[in-house]
Amino acid sequence: MATTLKGRDIIRIQDLNLDEVGLVMDTAARFESVLVNDGRLTNMSGKVLATLFYEPSTRTRLSFETAMLRLGGQVVSVAEAKSSSSAAKGETLYDTGKMIESYSDVAVIRHPVVGSAQELAEGSGAPVINGGDGAGQHPTQALLDLFTIRKEKGKIDGLTVALVGDLKNGRTVHSLSALLSRYKIRFYFVAPDALAMPSEISAELRKSKVEIIETPDLAKAAADADVVYMTRIQKERFDDPAEYNRLKSSYELNASQLTKVKNGMTIMHPLPRVTEIAKDVDAYKGAAYFRQAANGVPVRMALLALVTGNE
Amino acid sequence: MATTLKGRDIIRIQDLNLDEVGLVMDTAARFESVLVNDGRLTNMSGKVLATLFYEPSTRTRLSFETAMLRLGGQVVSVAEAKSSSSAAKGETLYDTGKMIESYSDVAVIRHPVVGSAQELAEGSGAPVINGGDGAGQHPTQALLDLFTIRKEKGKIDGLTVALVGDLKNGRTVHSLSALLSRYKIRFYFVAPDALAMPSEISAELRKSKVEIIETPDLAKAAADADVVYMTRIQKERFDDPAEYNRLKSSYELNASQLTKVKNGMTIMHPLPRVTEIAKDVDAYKGAAYFRQAANGVPVRMALLALVTGNE
Amino acid sequence: MATTLKGRDIIRIQDLNLDEVGLVMDTAARFESVLVNDGRLTNMSGKVLATLFYEPSTRTRLSFETAMLRLGGQVVSVAEAKSSSSAAKGETLYDTGKMIESYSDVAVIRHPVVGSAQELAEGSGAPVINGGDGAGQHPTQALLDLFTIRKEKGKIDGLTVALVGDLKNGRTVHSLSALLSRYKIRFYFVAPDALAMPSEISAELRKSKVEIIETPDLAKAAADADVVYMTRIQKERFDDPAEYNRLKSSYELNASQLTKVKNGMTIMHPLPRVTEIAKDVDAYKGAAYFRQAANGVPVRMALLALVTGNE
């Protein structure tokens, strides 16, 4: 049977097998080539996407909305779902899912609580895509990261990838490491002790064929890695401001450090950045983070089209 | 002269005569059959709807916006009109109406103050639709409720309809009872004393041919009614939290109570629900509230098309 | 070489030469005539506008969004950019510009801080239009004001224009006076001492061929002016509420004063108005402020189409 994602919810990156991941990558590449050549797509003409953001994330929301519009579709948007929606009146996400099913052909949800996307999906007959649920998952970010690595390096297998920063709370690195663990990858996990990758995640990853080197030393990792994936120390995930202030500047990459890295090393970041990457790094050829953000559009186009059967 | 709503504002349900209500119902049914058969409508192509929400109501806003998009039209949206608009600078709704007239072909307003929709309409040369003004009116909800009853029961005349919950503050039941009073209807008004239907509304209804039975006993009404219309006790309408807490659980329908209702009884609710209807009721065949919400799209499509002359 | 604005950012009104201003005027007039005749434009079909509002301005935002939709384009919108965006996480506008470049073909920014539009434009490869930056500039308002004067009076050269109200903080009058100073204009600057036009702006204007009469006397100016441009005393620009209360009612135009004005005098206002113009003035033939607001759509259509090369 041909691989298909029609009718599927995209909640956890682990729910996609390698064939399905490949289908997303190939569809994204196909859409991207149309856009690059100033072509027009009308796959989603007449269809409506609902974006429900219970937590601010301009980048993720605009990326999905642009993706839908570039496919010829339309968008209804709840940018401040927490305060302005039925949520304030006590509606469950299950019931919100029933609403969304009536009004749209596909939905994206961002929510501060783990499991929220799944609850919405249980209510909705229309496919639901998880745009990030608390410290849980951010599967579309992982897919666009993979797409970026493929484009930048021309391959996935055999690479050494350093994940740097808040590995404890960062759903981005949780989803990405789970996805990359299906391939032949060497990992560096670079974090201060207080923000180390949770041991249950590391344990799960070690069951696959990946190699993991844990170290707080960015310089050591950067000298050996093909890809350095920086992340922001997320203020909003800390209960204690003093702890945030102690750790926020743990890793700051600047141009002077780039003399000691592996030739052609690629720098990625899910953005927004604060001080993790100095502006003088932007001119470095391997600085891929803005290209990475742009890749969000074709990858999300692929997901929207695939789950609605309009690829 | 043929019945038409072109150029009309939809402010109070009483402003529509029965021919006009019939026109809305028939147009909604026609649009719905196109959507159900995966057809496309382009009636509003090139037209712009403005949605101005001075009070949060995700369901009403998304329902109108989806309706406009399903007609091939476009939307400009002010989801947080209270804080983010000219309102904060002291602009009158009359002047806002002048603005809206310049920017859109039709507007929907939701506002916490009775009479606001009328004030906007006086300023705007483009048709204005009332999406709920305080404890005043919610005419489009009444129309979609009527559409739902017609679909669920196959008729309106001769039905016994129980309205349950906060009948004092609920604009939904005010508009719906006014609309149903044009037909041959028996009403149960089921409410605690403190939340009884205002006597001036009851008196007005009694002038028509309807029969009204007022009781605080939901079981009694449910045993006799063809349609039980549950409503939420609206926290935001109470000044005193203690009073809200005393009354909020007055009526809670669950599956065990459904053994004692009239065969085929239909359950409706404008949503969002909190505890008025337990989740175990969802599986009951007559549980029509999610279908009712979905009916908001074709009914609002009909209104948007009719008032702009694009039906 | 033919005049073009393709690829240009619109940040300061001074950046446009008179040929470029003329191109905007002519393109706006052409688009307007299509709309007036119920025609359809598809110049921006398949293109996406991003509106980023870090400060509320419903009128400016909706005007730009309607303009884009009337050109057949699409919109992604951040109505509450300050709280809901990457800004809260500490992202620079330069980085936001990089994001916007990936997601849209053109962007409009409104921001409370002078220079913000320029910073966004430095990051973005897509054209950026300044929708108002603090007490700085509001170039598109100046262009729609010029368009309005041309339509109302049939000419620009030779007119006497009174600018009235908060000339100190009003970016609208700063941009408009700079634009009009390219023509043969006599100015009245009518303001209380505390809100007088900044001397550096007056000095700059005097370098051109304009004549400037500064007076706190509205009656005197109105008796002589062809155009009276009223502005709101902007509460949000005052640190001291007492000072605002002292000055807020400095100039209030009502119908009884219109007996002493020049025959055919035109009244303009960028809106929203509070008490500067009484409602009884609305019926006066020269009351152009609502027509002026409507002119925002064709002028912004022209700008969007010109900077993206889709005129």
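Read from first to last, the chains carry the letters A, B and C; within each, the first residue is number 1.
Quick note on the criterion: a contact is a pair of C-beta atoms (placed from the backbone, for glycine too) under 8 Å apart; a residue touches a chain by one contact, two chains touch by 3 or more.
Predicted, not measured: the structure shown is a model, and the values here were computed from it.
Because chain B and chain C carry the same sequence, their contact can be compared by residue number, and under half of the numbers here are used by both. If you lay the C-alpha trace of chain A over that of chain C, the rotation comes to 120 degrees, to the nearest 5. Chain B and chain C have CA centres that are 39 Å apart.
Annotation for chain C: residues touching 2 or more other chains are 77, 79-80.
Of all the residues in chain B, the ones that touch chain C in their complex are 46, 48, 50, 74, 76-81, 83-86, 88-91, 94-95, 98-99, 101-104.
On the chain A side of its complex with chain C, the touching residues are 40, 53, 56, 58-59, 62-63, 65-66, 69-70, 75, 77, 79-80, 232, 234-236, 271-274, 279, 290, 293-294, 296-297.
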